[in-house]
Amino acid sequence: MNGRLLIHCHDRHGIVAAVAGFLAASGANIISSDQHSTDPEGGEFFMRMEFNFESGDLESLGRAFSQEVAERFDMRWRLTDGTAPKRMAVLVSKEDHCLVDLLWRHRRGDLNATIPLVASNHPDWANDVAGFGIAYHHVPFPNEPELIELLRGSCDLVVLARYMRILSGDFLAQVGVPIINIHHSFLPAFAGANPYQRAYERGVKIIGATAHYVTEELDAGPIIEQDVARVTHREPAETMVALGRDIERTVLARAVKAHLDDRVLVYGNRTVVF
Amino acid sequence: MNGRLLIHCHDRHGIVAAVAGFLAASGANIISSDQHSTDPEGGEFFMRMEFNFESGDLESLGRAFSQEVAERFDMRWRLTDGTAPKRMAVLVSKEDHCLVDLLWRHRRGDLNATIPLVASNHPDWANDVAGFGIAYHHVPFPNEPELIELLRGSCDLVVLARYMRILSGDFLAQVGVPIINIHHSFLPAFAGANPYQRAYERGVKIIGATAHYVTEELDAGPIIEQDVARVTHREPAETMVALGRDIERTVLARAVKAHLDDRVLVYGNRTVVF
Amino acid sequence: MNGRLLIHCHDRHGIVAAVAGFLAASGANIISSDQHSTDPEGGEFFMRMEFNFESGDLESLGRAFSQEVAERFDMRWRLTDGTAPKRMAVLVSKEDHCLVDLLWRHRRGDLNATIPLVASNHPDWANDVAGFGIAYHHVPFPNEPELIELLRGSCDLVVLARYMRILSGDFLAQVGVPIINIHHSFLPAFAGANPYQRAYERGVKIIGATAHYVTEELDAGPIIEQDVARVTHREPAETMVALGRDIERTVLARAVKAHLDDRVLVYGNRTVVF
Amino acid sequence: MNGRLLIHCHDRHGIVAAVAGFLAASGANIISSDQHSTDPEGGEFFMRMEFNFESGDLESLGRAFSQEVAERFDMRWRLTDGTAPKRMAVLVSKEDHCLVDLLWRHRRGDLNATIPLVASNHPDWANDVAGFGIAYHHVPFPNEPELIELLRGSCDLVVLARYMRILSGDFLAQVGVPIINIHHSFLPAFAGANPYQRAYERGVKIIGATAHYVTEELDAGPIIEQDVARVTHREPAETMVALGRDIERTVLARAVKAHLDDRVLVYGNRTVVF
């Protein structure tokens, strides 16, 4: 079994030794470890350890960890089974590039996830999604109650693969799992509608895309990944849209993969991506 | 003699033929040509032609061009002598990386310019600038009248090489030449003060720098060049500042070089950079 | 009608004026123009002009151009109809990422081409290709005669979308159309087999992909497009393979699009990509 | 005091716990930790730990570490004092961009080093180096005995900042400290002389630079850092040279900084850069 332990606490003397010592004593063999401290003197401490664990179950390990280590350092922590795929639902609207890319990567085995469903406010992608053997739900707008019905309890992650409707705070609360969105600009520039048109009008020489966790405030949640591409005066807004597709799908895929691999820790409105 | 002709007009049938025909008939040999149209049907047309011109003077050529071509197409145009260096003044405050880089490139012969003066609200860089054989003026803040006195008539371009004081509209009007600024963010994100600190707080994964012409509105003028660098959760704001220096000096140098080579046309709040 | 004129000749005085004048006199309205000279004094001159042409046919225009302009300047030239899609055949082996990406871009309308067939030495992608409504030919290796039979006369371009068999000089001659290959390294580094493994062993910090025209010499033909991605000591060769897929498909798509849009001129073993 | 512990051994159960436990028990407070394993089952294990150490001296800590931990795991290791600057000598020939950049970064305090001397087979940079208050030695070629005399015992690192003479194996042995070279291509492409000319002739679309440790085989030592820039058909070899300067100086500076901060472990012909 492949375990992953993620930790966040105030930085103090002896954390690494305590955690590594605990795992070694429990028969877990650390295969990778990464840590970050915002300031060794009184800052925040983050750590991700991945380990092989042949002898025993994660639940018992977690209970022991809580008592023997976590309480002492007042840690926020989680322990996951790296071999267990997460259930990832995908929402999409009129643009298919992020959707197709995620489904294709999933089919290749690049994403450690199952996809219980794809839902859309448009019927357009039913055949494509069926071709990948995945259920497609056409849920015309307004559709929050229907989406909540579909998503609640059926998934561990929702991916907005260019889903162009704003979701309410109530929706976020009811669905209750992390939601990753891809926004088609290098946030915080051009939050909101029509970013490529506004990028064109501002005359920028670089466009970008941003994958972030969704919060109640539009396009303001913790950023997981960003990337950019150069443009010149030659690219009208519609060419930026086409160039942007290649960035959007790659940025979203990287963010989703990082999340599925339990590499992302949220801290305030920022992320640590190990 | 190396001539450069820059043109901006409404796009119409026959512009290239008219300009190229005029130059050929005048004995000018086109050595490079670049053009851009926002829309061949009624858009804006931009062109830059560089040519060898052995037989005659640019002034007569300009007069003939005005009568024979420019008036017919209602062109905005300029004709410059590519062998004549522009006079470039540099303003700087507490950070020396852009200043040193420009002076070093100038010494190498990479910038077709003379540097009549460097001025600063701080005395710090007097020795360095003297080492390059260039006059250094320490003009403590508030200093607009003194700067205007220094700059008016003595330069064709002012470069703000991390000059951290806001210049008034009156200053821009009195100095009367283009002013290029380097801003330490990928505009329009983080316009104004402390961009790296704000980038850190927003948790972006990419930082950048922007060279733009200065207008009355702070950090809102036409963008000439931008570039970016990746950052992670590991980089505190002060490390971003250090990483940013390498981007800032390169972006500013590219923008200055493009301007000195007459490659930039301003159109509304945007630029065409040939 | 949208015409494209591509020209290559020795650089001389008056070429642009002659071509632009000819097109204007023929009623063609130039909508974009790009040119390059390796040296205005006796170098090689390249030009691409795109124009609207309402009144008449391209064939007559070409005959007139040949007599009135091309012979005088001893030009190599071609004139194509930008609205006519090229016929593009695709060969693939065991890796599907470039294939799926090209088919998906084609379906979106991003590639001005028809795809008469996909052929492979493996049966694996028959269903996928059928899903895009395109004929799939499984032609087990050794297969050159069968491939020649399929391709000769049926296509204007062959794309090797990770086709892993070496093609003979006889094959190239018989098929007689340009062939674009994607090689999974930044050529000339790691030409030949297993580039990612060799990149890992050399300890490079950057991997890449190269799209080039196929010539008899393996991985040595004119390069159309390249791109790279950073790697660290953390990436074993198999992770490089996965990262490389994203670069390969993008680089190949850009090269194919440039070719389909008649933007590529081959000169010796190099390309001009307008 | 700021200590750095670098470790390389075969991967085994319990290494992290043993090292972290030892440091905690010794009163050292780990402030950053990074590790890498080529394969948790029998691969190679690398680790770098940085720690505050108020109570005691590094030498005693090293002796204790050797006995209590290192011998048990058969480790190669080194322990350095992060507050002690390394002595860095710089060799240069006709190109000043890497030299000036290193001296400027050193003056800013970005490099934790002292610079006992700059030596060159040319007299050109004597004034510049003197301006930074550093000794300049003009040692005309052939000069190996003189250079060995200058360097042996006086430095902990030699940086070849575009030093264009090949150094003999005997030189490397006699000087006896790591030597970092900047090569003006993305190795392994274009090892040896005139890489930009050869890049131009091959028609690449990307140029690069590589910083590596010098070994007896030319341009074949372990790579520390690489970066690239895009070029097009428009850039002749001499423009590539100019573009390349900006990459070279940045790549070299990053590699030197990583070395000075004890972030580089050499393993076979590869590097781990933490």
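Letters A, B, C and D mark the chains in the order given here, with residues in each chain numbered from 1 onward.
By our rule, contacts are C-beta pairs under 8 Å (C-beta built on N, C-alpha and C of every residue); 3 or more make two chains touch, one makes a residue touch a chain.
Model, not experiment: these values are computed from the prediction.
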Of the chain pairs A-D and B-D, which one is connected by the greater count of C-beta contacts? A-D
Rigid-body rotation angle, chain B and chain A, from Cα fit (steps of 5°): 180
Distance-maximising chain from chain B - centres being C-alpha averages: A
Distance between the centres, which are taken as Cα means, of chain D and chain C, whole angstrom: 41
The distance between the C-alpha centres of chain B and chain D, rounded to whole Å, is 36
Residue numbers in chain C touching two or more further chains are 36
Sites on chain B touched by chain A in the complex: 36, 38, 46, 186-190, 201-206, 208, 222-228, 232-234, 236, 269-273
Residue ranges of chain D in contact with chain A within the complex: 13-18, 20-21, 23-25, 29-37, 40, 52
Chain B partner, complex, touching residues on chain D are 97, 100, 104, 108, 110, 131, 242, 246, 250
